[in-house]
Amino acid sequence: MQYRFKHKGKIPSLTDGLLESYTHTPTGMEHIDYAELPSRSEMINVINGLMSLLFPGYFGPKRPDRENLPFFTGARLDQIYEILAVQIFMGLRHRCRGDLSSCGNCETLAEDITCAFLKELPKIRQILATDVEAAWRGDPAAKSFDEIIYCYPGLFAISLYRMANYLHKAGSLILPRFMTEHAHSKTGCDIHPGATIGDEFFIDHATGVVIGETTIIGKNVRIYQGVTLGSLRFPKDKDGNLLRDQKRHPTLEDDVIVYAGATILGADTTIGKGAVIGGNTWITKSVEPGAKIILKQ
Amino acid sequence: MQYRFKHKGKIPSLTDGLLESYTHTPTGMEHIDYAELPSRSEMINVINGLMSLLFPGYFGPKRPDRENLPFFTGARLDQIYEILAVQIFMGLRHRCRGDLSSCGNCETLAEDITCAFLKELPKIRQILATDVEAAWRGDPAAKSFDEIIYCYPGLFAISLYRMANYLHKAGSLILPRFMTEHAHSKTGCDIHPGATIGDEFFIDHATGVVIGETTIIGKNVRIYQGVTLGSLRFPKDKDGNLLRDQKRHPTLEDDVIVYAGATILGADTTIGKGAVIGGNTWITKSVEPGAKIILKQ
Amino acid sequence: MQYRFKHKGKIPSLTDGLLESYTHTPTGMEHIDYAELPSRSEMINVINGLMSLLFPGYFGPKRPDRENLPFFTGARLDQIYEILAVQIFMGLRHRCRGDLSSCGNCETLAEDITCAFLKELPKIRQILATDVEAAWRGDPAAKSFDEIIYCYPGLFAISLYRMANYLHKAGSLILPRFMTEHAHSKTGCDIHPGATIGDEFFIDHATGVVIGETTIIGKNVRIYQGVTLGSLRFPKDKDGNLLRDQKRHPTLEDDVIVYAGATILGADTTIGKGAVIGGNTWITKSVEPGAKIILKQ
């Protein structure tokens, strides 16, 4: 069908309306004349490439075999190295100077972070192996390890979190959050890159899980869909501004289980070793080790 | 591997089975010989283009600068204008006549809606600026405005809702719901385009939030993941058919906070100004201004 | 910008680190020298093609009319047949021998499953027609059948579940779970392919819903976002290994309604015919037919 547009003559005035808006809206609603932000599509390429290095044969376009594995791995690393270093640089430069000139340090720091991170991948794989094992122990519906790695959204979210957490601690800016938000969009599971999470972590079903920035989770913890580990109140300074670097989220000790939809809030809330938190509860005080908390019916 | 198919001779009879099914299933399961519905892929292009007009430099493929901004904006508007007008037309025609002929009015109306909507974008940006500011005030984990705009799923869902709400009120059909369902798929946050929502709105984490069609929300309201603002019962006419245009959803006055997983239902349920609703509660009656409601432990 | 990389000389040692990790991590973290797994991108093509056969004109790139419908349908079936048979084969072979040789039976079985499944599509359409009707009866916000088919995430998740359930019962491996996890990622609604679900099933909003592997759901059941139908405890054998084929999930009889965020757990938990389960409840015991259960305020 040929559409007969009658009012395209209005486009210049529509354009003027927006251009005026770009000049007058409060700072921050547009990102013009500043240094480019990291690229969403490049970062998604990097994430896909990293998943294929963590779990070769489960992710990535090509099945590797023992003969091609060295080439496959080296070529993939080479590609990720260049893209990731530039993206980390963009995240740093954006906060450092905010314009197109470079302080020099950002470039060096970006490449150092990239090297250290890629060197860490084998250690991240070791931890993820304990997470896969925990999923196998924790879910009778799992038919095999490969189903967990190939299909389980919780493992995908944990994998991206463990990489983002390393980058976050190494000083990378914006990118770590982008990575966990990518997992959030794919899986519904929102783990802040700043959270601290021990080995053997299993999140079943994953949708609706929120794990806040200053949460501390021990070993062998299992949580279910819809669980929130959040903050109860926000500390402020004397001028009423939020304090952004205080502990605000709870601590879960080793061997804790939290069932679907439980909400656990507060910096001083500690769930003791081996405690079981029933579904749909609202917990704002500490729970003794080994205790079982269940919603009143 | 060359796969040796043995039973491809069955395809004609498989085809006949489906063709017979297309003739005999109840009305509505197929959309054949009727006017084409709006295109999913074109609409996603439009949505991406609109996000780059709302937040230039944060969304879209190219970093704009002060020199190229007029061309960038004009060219983007020109492109969106044509696609959006046709898609709005398809949504209208589909309901108007349901066939390939056109009533004439649909074309005119579609272009009028398109013009008015694009003219509204600067005003929508002003409101979204208050939403960004509210996120900054409401989340200690936010490191900067740019992180909120670049990464936060709640702001993405609110942006699409504010555009879809305008189109919905202007008489566009099907498209507004498609837009909010696109945000729903990306973010887990389901805001009906018919809802009424004031300035300074912040949804943290966003997954699992449902805001029903006739919900009314005041200024400076903050809600968390898993919050439902829903209907309690469905009014029916004397023949037992659902009445589809009655208020069914609650009202939240200014300055209300609703924590994770709370469910607030019913047309007559009003949460008074400044009230705080604790997580995982089930609210079907009005709450006084300033009250704090917490789930019994 | 030309980025000056300084440390790319480290890539060989980074590669060696990963290669060593691929040799030493516990079995299952890499999939090397084994038969290729099904392809994610091919499976997504198959899923999109199947949706266009189930709902022609609502899904798929091209509007069909009565004249082109036979060609459209036959060509689509032909294409899906070949891809799906190979993907089903890959899923079977992976578990059967785990290497590149073929037992011969897997090829035959894969094509038999493909034929039987495609022959079943008209019957699946009949059941889905009752699901669309149930959505229309159950949601006053629905403006028309086409909005439900075109936009509703719950119907998308149910459509993929009904196909995956057939494939699961026919003996297909890995693929059925991949299909429901694809729906899970798109909609936030996680229905295990092994669940048993009657006609006229409606899931509104869908995000956060989890329906476990051994759940049994009758006719005309309606559930809302955030509802979990899960397991309460995991039966183990005398060596402490999980028993993976026992009933662990609840039974919902005909005409049950479950509101947002309710958690219903346990193999012996039966929700009787016509019962209504209020939002945010935690149910671990059976509920009488016709009963109404509401969270204490």
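Residue numbering begins at 1 within each chain, and the chains themselves are lettered A, B and C in the order written.
Operating definition for what follows: a contact is a pair of C-beta atoms (placed from the backbone, for glycine too) under 8 Å apart; a residue touches a chain by one contact, two chains touch by 3 or more.
Everything quoted here is computed from the prediction, not taken from an experiment.
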Residue-number overlap at the chain A/chain C interface, same or different (half cut): different
Angle of the C-alpha superposing rotation, chain A to chain B, to the nearest 5 degrees: 120
Centre distance in Å when chain A and chain C are each reduced to the mean of their C-alpha atoms: 25
For chain A, residues contacting two or more additional chains: 188, 207-208, 226, 261, 280-281, 296
Interfacial residue positions of chain C with respect to chain A in the complex: 3-8, 10-12, 14-15, 17-22, 25-34, 36-37, 94-95, 173-174, 177-178, 181, 184-185, 188, 190, 192, 194, 207-208, 210, 212-213, 226, 228, 230-231, 234-235, 242-244, 246, 248, 261, 263, 265, 280-283, 296
Touching residues on chain A, where the partner in the complex is chain C: 53, 55-58, 63-66, 69-70, 73-74, 77-78, 81-82, 85-86, 89, 107-108, 111-112, 115, 118-119, 121-122, 125-126, 128-129, 132-133, 137, 140-147, 149-153, 186-188, 205, 207-208, 224-226, 259-261, 278-281, 294-297
